[in-house]
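Multiple structures follow.
In the two complexes below, chain A is the common chain; its partner is chain B in one and chain C in the other.
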Partner chain A sequence: MKRPAFSFSILALFLIASPFIFQARYSQHVLILVLLYVTLGSAWNILGGFAGQLSLGHAAFFGFGAYTAAIIASKTALSPWFAIIAGPAVVLPIALLVGWICFRLRGPYFTLATIAVGEVVRLLALNWSQLTGGAVGVVIRPSVFSGTNKLPYYYIVLVITAATVALCYVVSQRKLGYYLRAIREDEETAESIGIDTTRYKLVALSISASLTAIAGAFYANYFLFVDPTIVLPLALSVEIVLMAIIGGLGTVAGPVLGAVLLKLSSEVFRNEFAQANLLIYGALLVLVILFMPDGLMGGFHRLFRFGARKTQRVSA
Partner chain B sequence: MNSKPLLILTLTALCLLPAGCAVNDEGDSPDSIRVGIISSLTGAEARFGLAQKYGYEFAIDEINSTGVLGKQIELVYQDDTSKPEVASLTVEKLADRNDIVALIGAYSSSATFPATAVANRYKMPMLCPSAITDEITRQGYEWIFRVCAPASEYGRTLVEFLTKVAGARRLAVVYENTQFGSSVARAALEQAPRAGIEIAGYEAYDQGGTDFTPMLTRVKAAGPDAVLFVSYLADATLLMRQSKEIDLNPKVFTAGGAGFSLPDFLKGAADTAEYTISVTQWTPDAKWTGSREWADRFRARFNYEPNYHSVQAYMSLKILVDAIERAGSTDRAAIRDAIKTSKLDSIFGPIHFNAVGQNEHPVAITQVLNGRFVTIWPSEAAILPPVLPTPPWRTRSTVTESSADAGLEAHAAATVSGSEKLLQTLASGLLTGGIYALIGIGLTIIFGVMRVVNFAHGALVMAGMYATYFLFTYSRIDPFLSLAVVMPLMFFVGIIIQKTLIAPVLGAPELNQILLTEGVSIVLINTALLLFTSNYLTMTTSYAGATLHIGGVSVSKPQIGAFLIAVAITAIAYLFLVKTGTGRQIRAASQDAEGARLLGINIERVQSVTFGLGVAAAGAAGSLLMPIYYRVEPYAGSPFTLKAFVVVVLGGMGSVTGALLGGIVLGMAESLGAVYVATGYKDVIGFVIFLLVLTLKPSGLLGKSKV
Partner chain C sequence: MFLLEVNGLTKRFGGLTAVDSLSFNVSAGETVGIIGPNGAGKTTVFNLITGFHRPTSGEVVFEGANLVGRKPHEIALAGVGRTFQVVKPLRGLSVFENILVGAFARTGDRVEARRIAQDIIEFTDLVAQREALADGLPIGLRKRLELARSLATGPKLILLDEVMSGLNPTESTEAVELIRRLRDERGISAVAGVEHVMQVVMSISDRVIVLNHGRKIAEGTPEEVAVDREVITAYLGE
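Let's look at the complex of A and B:
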C-alpha cells in the first residue's frame, strides 16, 4: 500500500516542479502540448478504449471547444476562457446527436461514420465564414494571462490533464467502466445481461467529447489562433487515436505514455531527420502496430510481468 | 493493485527529462550570427519551401563572402512541415534561443499568420517573405515586417487593370478556400464594385480539387466577361485545362499569382496557359535594376528557374543583414529599429517599410505570351502590350482539328440555358463518377473480403500515377496502354504489402489496420517526396484537352475513355468473381472466412490475390487519371481515400457493381451540389449522403445482406 502513495507523490512533485526544472519557454511549450495530448488521448480512450467505439472524428469535438472560445472572443466582450465551461455545453447535444446517428453502426462502419462527421464539421467551419472566420481563421487576444509567460498555461493544462486522467481511473474502477468493457467485448451479450448498451455508450461519448472540448477551449486560449486546418483536420483525429493505440488501448496509463512518447518523438524527428522525418514517423508507426499490437502498455506487461492480470485489449 | 499505472506514469514523466534538456541545444558562437529560417521543407507546400531555400542559400553565399560585423551568418532552418501549429512551435523554439537574432518565415499565409503573433509576443524581429494575407499587418505588431506585397495590393492592381485596360464589366471570382485564396478574393470582391465592376459570382472551393467542371459550369452560366482565379499550382493547371474543356470564354482570364505565376504552370497547363493574365510579385524581366542578371546567376547556380518565392527569400535575408550591419549590433531591438529604417534599391524594387511594417512593394501584371510570362502592366514596366480580348478556345490554332467553325460566336455564347447547364452538370458528374467507381472497386474488393479498412488506397493510386507518368515520359507508352504494365506491377506490389504488412494484423482490431495502412500511406507519400521531390510532374498526351461538343454540352474525351474503361473493368471484375474458381473462392471467403477454410480454400492465397487485385485497380485508376489530371505529385492520391470509402459504403461492401453505382451517385451528387448549392458544400453533400446510407441502409444501395 505504501508504494502507490510514494510514486504518486514523486510524480505529482515532479509535474508541479517541471516548469522550474525546464525553464526554457520552448521546453515548457512542449510540456504543455504533451499534457494537452495526454488529455486528448485519455478522453478518447473512455469511448475508444473502454467502450471499444473506435472514433476517428474526435477532432470535431476539439474544434467545437476551440471555436467556442474563438467565437466568444470575436463576437462578445467575455473572456474566451469561458469556453472551458461553454465548450462542453455546446458539444454535449452535438455528441448526443452524433451518438444517435453513429451508434447504430458497428466496427469499421462506426469508424467511417465518425470520419464523415468530423469532415462535415470541418467543411462547415470552413464555409460558414460569417460565424467562424472561414479559412482566414480567428485571432484571439490574450485574456487574463499575457501569452508569453508559460506558467499559468502549464498549471491550467496540468489541472485539466490530472482531472481527466483521474476521471479515467475512476471510470475504469466503477460500474460504468465494467459495463463499457462488457460492451467492448461483446455487445450482444452485454445487452442480453441487461446492460442498456446505447445508454452507456452515450454516457461514454458524452464524457469523452466534453473533455475533448475542454482541451480544445484551452488550446484556443493558449495558441490564440483558430482555423479549420489547425483544430479540425482528420490528421488530428488520427493522431489522438495513435497515442491511445501506441500507449495501449483501454488502459488508464496507455494514452498517457503514448502521448508523451509520440509528441516528444515527433519533435525529435523533426529536428533530427529534416526531410525524412515523416517517412521515419510512418515507418515507426507501421513497426509499432506490427510488433506491439497491444501498445507499449502491453509490451510493459509482457516485459515486466506486472501483476497477474492479462493484458487488456480488444479481441478481433 | 493500483501501483502499476502510477509507476508507469512516473516512468513516463522521467522520460521527459532528457527530452526536455535536449531541446536547449543553443551554444554561444563567437564567430557567427544565427538567423532562424522557418519554411516548409516537407508536407504539401514543400516545393515552395525549396524555392525559398535556394533563395536563402544564394543570399548566404554572397553575404558570407564578406561577412557581417566581422562574423559569418549561420542559418538555422526549421521545417514547419506545412502545418501552422508547427510553424508557431518553431517560433517558440527559436525565440527562446539567445543566439538567434531574428527570424525569417514562414512560407504560406496560414502558417505565417499565427507564427507572427508568437514572434511579436516574444519581441523577436521577424520578416515575412511570402505570406500575403492582409491580416498580418493589421494586428498592430511592432516586430513583424512583410517584404512581399499583401493581398489587398493584388486586388487593387487587378481591379485597376480590369477597368482601365481590359474594360471588364462583370467579374466572377473563383478561389481556393484557404487563408491565401480568401484574402485575395476578398480584396477583389471589395474593390471591384467600387470601380464599377459588377460581381457575377464567386466560388470558394476546397484546395486540391479533382474536378472543377461543375464549378466552371456555374461560372459559365453566370456570364462573366472577366474571371479571376486564386489558386495554387495543381488547381491552376486543372482550372485552365477544364475551362477549355467546358468552353468557358470570358474576355479575360486573370489570376491572383501563386499557381498562375510559377514556371511550372506553363509546363502543367501547356497550351491552355496562353493569354492568362496574373498578378505577380516579381519576374526575371522586372524593371528593377539587376534582376535579369540575378536570375541568370541563379539559374547557373541551381539549374532552377527562379520564381518570386526565391527572390522574396533572398531579399528578406539581404534586408535583415543590411539591418544588422546598420544596427552594428545583434541585439533584437536594435535590429528591429534598423529594419524600420531600411532603404534599399534592389532586384525586388525599392525596399522601405511603412508604419505597419509593410514593404510598399508594387505588384506587376504578366501575361503568358508564346509560353512565357511577359510583364504587361504597369505600362512603364511593360515589355509587350497585353493581348485582349483573350481569343476564344475554339479559335486557337492548337485545336484546329476539332472544329472548322472557328467562329467569333464564342464570346457571345456567354449565356447558357438552364437545360444546358443541367446536362453539363450531369455529364460532368457521370464521368467523374466513373473515376470514383474505379478507385472504389479496388477498395471494395479489399474491404469486402478482408474487412481491412485500407487507408493507403489513395497513396496506391498515387503510385499508379507515377508509374504511368514514367512509362509515358521515358518509354512513350500511352496512359491507356500502360494499364497493361501498371496493373500487373501494382498487383505484385499489393501481394507484397499483403504478405508482409497486412497479414500479421488481420486478426487485430480494425483500428490497428487503419493505423497500419495510414502508416503505409505516410511511408509511400514521403518516399515519393524523397525520390521525386514535391514538384509536379506533368505530362501532356496528344489528346489532352480534346473535347466533344454535343449541343451546349462539352465533355472531355480522355474522361469518356476513362469512364468506359472503368465500366469495362467493373464488368471484368464482376465476371471474374462470378465465373472463375478463384472468384468463387474470394466470394466464399468474403461471406464466411472460417467456413471457406473448412471447405479447403486456401484463405491466405485468396487474401493475397484479393489485396493484389484491389491494389491493381487502384493503380489502374492512377493510370486513367493521368490524362485527365495531367500531373502527379506525392499527395495527388490523398483526396481519393475518403471518397473511395464513401463509394464503397454507398454501393455495398464487396460489391463491384455497387461500387460503379456508388461512384456515379457520388460523382452526380457532388456535381449537382457544386452547381446548384455551392462549390464549398459539395463534399458536405457527399458525406451527408454517406451518413444517410450508413444509417438507413447500411448494406448499401444494392446490398441485400445485413451488416
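Let's look at the complex of A and C:
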C-alpha cells in the first residue's frame, strides 16, 4: 500500500514546514498549543480510550511534570528541561500507587476516585509552599532558548507529539492494545482468557501518566510559569477527556482530530466572539455529541464506510 | 491421574448452600455433562473452578496443582477455559479480533497469534463472520464465538456453561457436533453444563453428573442416569 505512506509524508512535511507557513508569533503559539493538546489527548486515550478507564484526574500527572520542571529550576542549578526525563520518573511511582488504590473501583466509582486524586494533588501544590510556591506559583527563568523565538519550542513539542502518537499506534497494533480493548469491553471475559486485568490497567496508566508528565514538563519550559490554577485544575482534566471523546475514544487518530478541532476552534472563537466564546464552544460540543456519538472518527467511518459496515453486520 | 479433581467443594452464600460437598473427576480427553434443574448450582461450580468465586471449603486440583485461591486469569493460563452462561462477547471487536485476543494468551507474537486465531476460526466455522462485529451476531453464533475465544487460549479443559440455552434445534445439533470434535480432533476435555435437553447431553457425554440443590444426586453413563429414580424425581417431581 503506497497511499498511506504518501499521505503520511505529506503530513510530516506540512508539520515540519508549518512554522514557516504561519510566521506570525501568535499562529506559531497556537500550533504549539494544538500539538501539546494532541499529546495530552493521545496519552489519556491509552488509559481512557483503549482500556476504558475514564480518568478525570490527568491534570495531576500534567501538574507533576510541570512542577518537576519548576522545582528543578528554582531549587537546583540544572536546566528545567531535565524535567522531560525527571517528570515521568517522579510520576511513575505515583501512578502505580494511584492505580493500586483506584483500580479496585470500577466504572463511575473509578472516575470519581481519579477526580479526588486530582484535587488532592492540587491542594498539595497549593499548600506545600516551601516546595511549590503555593498560590503564588513559580516563575522559571529560561535556560536554553530565549522566550521570543518560538521555533525551538515548536520542534520540541512536535517530536514529543509524534513520538506519543507513534507509540499509540504501535500499542494499538500489538498484544497490549488488544488486551486493553478486551478489558474495556468486558473485564470478566478478559480474565477468563488469561488477561491479568489489574496488571494491564496499571501498564496503561503508567504509560498514559508518564506521557502526560512529559507534556507538563514541556508546558512549564514553554510558559515559564507554573501555579495550581494553571497546571492542576479539574477543568484541564475535563478538557483532555473532551478532546478524546469528541475525536473518538480508543482510536489512534481520534484524540488527534479532537485536539486539533477543539483547540483551534477555542482560539478562533476567543478572538472572534470575545465573551461569547464559551457559548459557541459549548454548542459545538453538543452538536458533535448529538450527531456523532462515536466521535469524529466514528462519524467519518459512517460517512465513508457505511456500505462496508452494513454488509459486515448482516453477514450472519 | 485425573486431569481435574474436585474434592468436597462447598460454597455458601450467607445461609444458602449453593454447592454442597461436591466431588467429581474429569479424565484427559473426556466429555462430562453436568445436568440439573435451574438453580441446581451448575454455574456456581464453574465459577468456583475458574476462580470467579472462592470456595467456602474443598479443593480443585488441576494437573496435580490446587487452583483454589488463584485468580481467574491464572487459572485460564493454567489451561482451564470457560464460556459464560450469559454470553459475554467483546462487543466492539470483530469476530476475528475476539479470537485473536484469546490467542495472545499463548504468544506475544502477532503473526503467530493471527495464525492460531485463523486456525480456530476455521475449526469453529466462523470464517464467514470473520470481520463482523461480535455485537451484531445472533445468539447461536455468539455462543460459538464464546467457545472459539476460549479455545484460542489453548485450554486442556474447557467448561461450557449452558451450551444449549437459547439455541434452536439446528444450532443445538451444530453445537453438539462442535463439542464432539473438540474431544475427537483436539483431545480437549470438556465439562458441559446443561439445564434441559436430556438427549443432547446424552449424545455428547461420556459421563453425566446430576446436580440438585447443590448436591450430586447421581453420576454414571447417560443410560444409567436416565433411569435413575432420584433424577426423574428431581426433574419431574414425585
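What we mean here is this: the second predicted complex is superposed on the first by the 305 of 316 C-alpha atoms of A that agree within 3 Å, B and C clash if a C-alpha of one lies under 4 Å from a C-alpha of the other, contacts with A are read in each partner's own complex, and residues count from 1 in each chain.
Note that a residue touches a chain if its C-beta (ideal position, glycine included) is under 8 Å from a C-beta of that chain, and two chains touch if they have at least 3 such contacts.
Predicted model, so just to flag it, every value in this text is computed and none were measured.
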Chain B versus chain C as contact partner of A:Glu191, first or second or both or neither: second
Touching partner for A:Tyr26 - first (chain B), second (chain C), both, neither: first
First, second, both or neither for A:Tyr179, with chain B first and chain C second: second
First (chain B), second (chain C), both or neither touched by A:Arg104: first
Per-residue contact with chain A, leading partner among chain C and chain B: B
Touching partner for A:Pro293 - first (chain B), second (chain C), both, neither: first
First (chain B), second (chain C), both or neither touched by A:Ser18: first
Residues of chain A that lie at the interface with chain B and also at the interface with chain C: 313-314, 316
Contact footprint of chain A on chain C as seen in their complex: 50, 52, 71-74, 76-77, 81-82, 84, 88-94, 97, 100-102, 104-105, 108, 110, 113, 128-129, 131-133, 136-138, 141, 149-150, 152-153
Of all residues in chain A, those that touch chain B in their complex: 3-4, 7-8, 10-11, 14-15, 18, 21-22, 24-27, 29-31, 33-34, 48, 52, 54, 56, 101, 104-109, 111-113, 115-117, 119-120, 123-124, 126-127, 129, 134-137, 139, 142, 146-148, 165, 169, 223-225, 227, 229-230, 234, 238, 241-242, 245, 249, 251-253, 256-257, 260-261, 264, 267-268, 270, 274-279, 281-286, 289-290, 293, 297, 300, 306-307, 313-314, 316
Touching residues (chain side chain A, partner chain C) in the complex: 173-175, 178-179, 181-182, 184-186, 188-197, 250, 312-316
Chain B - residues contacting chain A, complex: 1-10, 12-17, 19-24, 41-43, 46, 77, 79, 81, 83-86, 88-89, 92-93, 95-97, 110, 113-114, 117, 121-122, 133, 135, 139, 177-179, 181-183, 204, 206, 447, 451, 453, 501, 504-505, 507-512, 514-516, 518-523, 525-527, 529-530, 642, 645-646, 649, 678, 680-681, 683-684, 687-688, 690-691, 694-695, 698, 707
